[in-house]
């Protein structure tokens, strides 16, 4: 299993007139956690794109449990349990500073060739890296 | 069934460095479609909030089928099939100008008292309005 | 003078916990008005980019006069008074449905070659189009 | 003089199809730097709001010097040189990890009573805090 977390503070512009973080921003926190995981594995997303591979989102599921607020210090988590073939499944969660679960969900990524736009398998460099980190 | 649609043009800032609309923005398009539905029923979301009720998101599911691009004219759809008790289920979809399905999903809303923050049932005014529009 | 306006409704996610549209979103409304102007002149921004020219922002000035709110129907204006050489100056404004000025400002655009990233003069096709529309 | 900085990594969703951070996001980085300054002075923005005072933006000026990119680690700066009466002037800047200036500008804040919406002077607690930190 790969477990990765990144700490993010709620930003004022992320709140809405309900006085809490707008629900769409958790989808963005999820992305920050995924990209942080890539960075920690030594293969940042911008390197992956330079290597000719885009990773478009196939699907997102998000359940909202507790609202995050201005002043909150969030822990944003990405978990990968299996090396990808055509798709990469990532479990995601956002906790506040009291370790209360704010939101969790599952994001599925695909892989496409940057030039042709065609779906491809997960590039070897990435799947091997994931496999290695899962077994660490 | 209540069917409502709103036309939105892709905005430049909604694109990302993949050259297409960032996946989080479909969650926002969904919201525009829902709020447009409320407006068309004669009970805009800001009126609902003035009446003391917030409608926080319980969950979001979104599947991505085809990327929207700068220049696209989108049709954003909200469908309600059943009057809510504690929760309101809304089917959502985004189509481009060629009627290609870009994304679809389901959003579930809850209802809370604006002052106490406590979960409540769907306010009568809203549930009756929905019921009436479903039967129209 | 080229005068162009586009109608935009305030979106819920654009509000913040002050209960009004977050100030950064007017900068985005300005962009919508500019891109709408390009579209109306028959040369949409995505075509300009396909032709190899990016139009990065050089500077933005924005004064805030009256807060826009959820439910507001905004008129977003772009005005060009002079054909560009190296830079394009655009006057911008946002009005609400009561014709109250919410914000105004000036945005300056430059032109760069998409491949080299180097600053260039305004492409002929665009400067001629602007000149022609100014004289109409 | 009060000098405050906060480190922010570029987020993928902040990029646009030019392949760099969208210009509106620097306005948001500026805000993060301001709110971080408030936090460091021991008076976070959410506390200020609880105390009944909103701080709406009066004006924003931003000059763009060098594009920030995915992978960049930004230093976002807020500088205050004078205690506010009716308005607070803040110098702002964003640097990348090579200390290259990406953008700078000036943001002016006002103060309004949260309930009445009326302009007020800077609350004593805040102006004294700023004065004290300027003299430190």
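Which chain is which? They are A, B, C and D, in the order written, and residues in each are numbered from 1.
FYI, contacts are C-beta pairs under 8 Å (C-beta built on N, C-alpha and C of every residue); 3 or more make two chains touch, one makes a residue touch a chain.
Given the structure is predicted, the values throughout are model-derived calculations rather than measurements.
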| item | value |
| --- | --- |
| Longest centre-to-centre distance from subunit C, chain (CA-based) | A |
| Centroid spacing, where centroids are CA-atom means, of subunit C and subunit D in whole angstrom | 24 |
| Averaged-CA centre spacing for the pair subunit C and subunit A, given as whole angstrom | 33 |
| Per-residue multi-chain contacts in subunit C, two or more chains | 12-13, 17-18, 20, 24, 28, 31, 70 |
| Category of the chain touch graph - line, ring, star, complete, other | complete |
| Parts of subunit C lying in touch with subunit B, wherever the complex brings them together | 11-13, 28, 31-32, 35, 44-46, 69-71 |
| Residues of subunit D that touch subunit C when the two form their complex | 17-18, 20, 23-25, 27-28, 31, 49, 54, 56-64, 67 |
| Residues of subunit C touching subunit A in the complex | 12-13, 15-20, 22, 24, 70 |
